[in-house]
Structures are given as C-alpha cells and as structure tokens.
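Two complexes, one shared chain (chain A), two partners (chain B, chain C).
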Partner chain A sequence: MADTYTLISSVTVGAGGASSIDFTSIPATYTDLKLVGSIRTNTAQTDNSMDINFNSSATSFSARFLYGSGSAAASSTGSTIILQADGGAATSNTFSNFEIYIPNYAGSTNKSYSNDAVTENNATAAIAGLLAGLWSNTAAITSVSVKASTGTFVQYSTAYLYGIKNS
Partner chain B sequence: MADTKIVVNCETGEVSEVELTAEEIAQRAADQAAWEAEQAAIEADKQAKAEAKAELLAKLGISEDEAKLLLA
Partner chain C sequence: MASTYTPIATYTAASDQSSITFSSLGSYTDIRIVANMQDTNLYGLLRFNSDSGSNYSRTWMYGNGSSAQSNRNSNQTSAYWGATSSGSEFLVNLMDIMNYSNSTTYKTMLVRQNQASAEVDAFVYLWRSTSAITSISFVSATGTATIKAGSTITLYGIKAA
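Now for the complex of A and B:
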C-alpha cells in the first residue's frame, strides 16, 4: 500500500512560549498539506482566534466561517483568521484542537484551505467552528506560519505538519 | 509576551527559536491594537443591540419570552 500520509515536521512550544510557529522550506513533493495543532494562548479571554500566513504573506487572504459558542451560533468573514485557540481564561491545562487542510499547495492556481477547530473549556462558553479560506495567489506554498491574533502560544502547544500524496 | 518565534525547517528538520525583528515586534503591536479595536467594536455593537431590544420590549410591554412566543 502506498505511503500517502507522512509527518513532515512537528514542534512543541517550550517554556518561554512563542509568538508564532513557522514551517519553512516545505518540500513540493506532496499533493496536499495538513496542519494539526493543539494550542493554548496566554490571553485574558477563554478563546482566541489565530492567523495564518503563507510564504510570509498576510495579503490576498479571505475567509468565511461559522461557529457555535456554547450559547449561540454565528457566521462571519475575515482575511487571515483561522479558528481557534484556548485563551488563558479557559479551564487550566486544556488546549484547543485545530486542523487546516491545504489541497494542491504546490500547484499554480489560487490556494484554498479548510479549517475546523474546537476549544476546550469546562464551562458553557466553548467554540466549535468551520472555516473556508482562500489565498488568492498562484505561488506554490513553501512556508506556513500560524500565530495567535493576540497574545502568544504557551508551553506544550504543539503543531504537526503532514504531507499527503494521492498515490 | 514572548519575543521569539519557532521556525521549523522542513528540509533539514532543524527547529530554532528566533528573536523577533523590530519590524515584527511593531507588526505584532499593530495587530494587537487592531484586534482590540475590533473586539471593542463587536462588544459595542452587542451592547447597542441588547439595549435597543430591551427598549423595544419595554415599549411593547411584553417580556422576552412573550416576544419569542409571538415569533415562534
């Protein structure tokens, strides 16, 4: 059976925290990319959005997303936004989960991506969301960076980048 | 706030903690200010809507539950 799902790189944030996690020099040898994260940030809120950049660019991004907060459902739009990190006010020692799927990342058309996420919080307020994103740029993606929209990633946050081949 | 970022070189597997440049720190401060302004605007909008709703319910002389019943 073909080896279609490969861990490219992974990282765990150390004691000092980190303002962003950047995967660079991504080989163009796969069909799709999948980024999986377990994240907590040091903000005063229970949850916190994040931002994604490709090839160090924060322009030409557009996103549509819907989410439930535990008490209401809503939808919204954004640019580089991705969903969703636990904030410092979430239940101690809990981390949110997110996944980003980037098909045809090395192709020569605009790059679409999808993102799903849930936060963890032992209270009513917790987020579950889905996002559709587009980077209107035809360059092959060689680097992916994620950062918290405010604050920084705390120790033990992790990110795993997988390459997926269609054969 | 951490003034470092984690850079993972997928070719070599090297993971390094890199100090942010002055430009990156400035950008982060600008992003933070923009995020706070956006959150404040969202909160103000929520507050304004809640106040308008309460005012309308008071004018109609009905409770929120009664209003929901009317719309069901």
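Now for the complex of A and C:
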C-alpha cells in the first residue's frame, strides 16, 4: 500500500528573520495535516506566545490549554493563540518544538486541531503545553500561518508541513 | 525508501452506531488512531480483542480552561475515547499504541483528546494482557446507537523498518 505521510512543504528562516511562517496553496488531496516546527523568536522574554491563522483569518478561533512551567500546572483559554516558543532571553541556541495536527482539514465541518509544544531554558522555568483548538469555520483550509505575538522568528527556525492520507 | 506509515482502515459513520470494530490489523510495529468523534454520551469505550474484563487502567491530566488536574483509575473494563455531542465540532482523539502485536508484554497507549469548547487531556492507558492486539472496538457507553453519523476513525500502521 502506498505511503501516505508526505511532505507538502518546508520553511527554514534565513538570516534576516521572518515575521511569520506561511504555507499556502495547500492541496485538498490529503485527509489530515501535520505541522511540526523548531522555532525561536527575538523577543526580550524567555518565551513568547504564538498565533495561528488559517486562510489568512485570525477570527473564529478558540482554544483551551494545559501547561506546566516547571513548578506548577495551569489551564487557560485563548483565541488565536497556539503554544509558546522560546524567546530571545532563553538560553542561547535553544529552539522550542511544536506539533499541530489538523484532522479533516478540507472537510465541511468546523476545524478542530491538536497542538503540543515545549520550550526549554536552562533556568528556573520553561513550558510544556497541550492545546485543543477550534476554528469555527467550515471552509477547507488552504493556507496556514504561524506568527509570533511579538517579535520575529530567528534564523534557523524551521517548520515542516505534512499531508496524511487515509487511503 | 520503504513505506513506514500506512493506512490500515478508515471508517466514517453514515448513520448512528452502537459499535465500530477494526480487525485485520496487519503487521506493523505501532498503531496510530485518529478518531474525530461525536456521541450522545460525550465519551465511549475502547476495547482490545473485545476484552471487557477489569484489565484496563489509566492516568491522565487535563485542563478545562480554569484549572489543571490529574487523576487515575485502576481496574477499568475498557479504555475510553472522547466526543462532542453534536454540532459542527468533533472531538479529536489521537491514540498511539506501541508494540501492539507482541505476545510478551502488557500494552500501553498514549492518548491526546482535544475539545476546544470543553477541555484538553493527555492519558496513558495500560491493558494488562500479553495477547497481541488483533482487534480494536469503539463501543457506545450505553450499548445503543449513540456514536453519531459523521464520526470518522482511521487506523495507521507504523513500521520500525
């Protein structure tokens, strides 16, 4: 049977940095999407929340997340937010990892997604988080953008978008 | 390069169902299940090899948007999956069953459940059986047709080599 886990596109941020990581013209030929990233931003903080847009839209998102900081666990809600990334004050050369799984991205129902992410920092606090997200829109997802809430992605940040077929 | 991520089976409920069973799981190292579910009960039962004995246990953590908690159950008669009740939001269950076909060890499963309107969860399950997993059943918690039409379940096989 054919392999059904296919790289659609990848992004590696160059020396000038990038304000967003964008995947456009996503074909509707897969069942699910999986986006994985290794990213760092240039903000003054140790970590930095991230936003996600589908089809260039930042509206109709809701999310519920669970995270641990190294000393406590907590839960909260948000709108376009996905989980944290390392900021410029985190330990040098440290990049956070994230994964976003979007089932049935081309279907006609609202789009639920799963997001796991970790930051790391050789200090007191870092973040491990889980997020349940929903884009209340029935349109097929044709583009995905990940943005830092402040600052830009630094060089060597990477992201890979995979398409997964169920047949 | 060899194919290492292969769809085993997929099912979309055309009408409300009381149970959905996958057999003929093939020969892989691990199984990943992606289940987008709606069910009147908001959850259902997951059983391996139709085992309804008290052989399942779980530990989990969850967040409902205002608090984070952890809990544990031993000697359960099934594992569980989550669901929304209706509407256009489906609860996303991502399940990973490691080394499912070995006949030496008990089986563990990692599960991530995602419902933005209610809670986010991470589970670890144990099935106390050394039998190879040869079937996986999604069963209504009440035994009636509460699994809603439009729910989709896909099993993928992952090979180590």
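One rule holds for everything that comes next: the second predicted complex is superposed on the first by the 166 of 167 C-alpha atoms of A that agree within 3 Å, B and C clash if a C-alpha of one lies under 4 Å from a C-alpha of the other, contacts with A are read in each partner's own complex, and residues count from 1 in each chain.
What we mean here is this: a contact is a pair of C-beta atoms (placed from the backbone, for glycine too) under 8 Å apart; a residue touches a chain by one contact, two chains touch by 3 or more.
All of these numbers come straight from a predicted model, not from anything done at the bench.
Colleague: Under the stated touch criterion, which partner chain does A:123 make contact with: chain B (first), chain C (second), both, or neither?
Modeller: A:123 sits against neither chain B nor chain C.
Colleague: Once the shared chain is lined up, is A:7 touching chain B (first), chain C (second), both, or neither of them?
Modeller: After superposition on chain A, A:7 lies in contact with neither partner.
Colleague: Looking at A:133 after the superposition, I want to know if it touches chain B, chain C, both of them or none. Which is it: first, second, both, neither?
Modeller: A:133 sits against chain C, while chain B stays out of touch.
Colleague: Considering only the touch criterion stated at the top, classify A:17 as touching first (chain B), second (chain C), both, or neither.
Modeller: Only chain B; A:17 stays clear of chain C.
Colleague: Classify the contacts of A:44 with the two partner chains as first (chain B alone), second (chain C alone), both, or neither.
Modeller: neither
Colleague: Applying the touch criterion given at the start, work out whether A:28 contacts chain B, chain C, both or neither, answering first, second, both or neither.
Modeller: Neither: A:28 stays clear of chain B and chain C.
Colleague: Please determine whether it is chain B or chain C that touches the greater number of chain A residues.
Modeller: In the superposed model, C touches more residues of chain A.
Colleague: Using the touch rule from the top, collect the residues of chain A that touch chain C in their complex.
Modeller: So the residues of chain A in touch with chain C come to 1-5, 31-32, 62-68, 73-77, 101, 103-104, 109-110, 112-114, 116, 130-134, 136, 138, 164-167.
Colleague: With touch defined as at the start, can you tell me which chain C residues reach chain A in the complex?
Modeller: That would be residues 3-7, 10, 34, 36, 61-68, 70, 88-92, 94, 112-122, 150, 152, 154, 156 of chain C.
Colleague: Enumerate the contact residues on chain B facing chain A in the complex.
Modeller: Listed in rising order, the residues of chain B that touch chain A are 1-13, 15, 17, 20, 24, 28, 31-32, 35-36.
Colleague: Touching chain B in the complex: which residues of chain A?
Modeller: Touching chain B from chain A are residues 8-11, 13-14, 16-27, 42, 51, 147, 149-153, 161.
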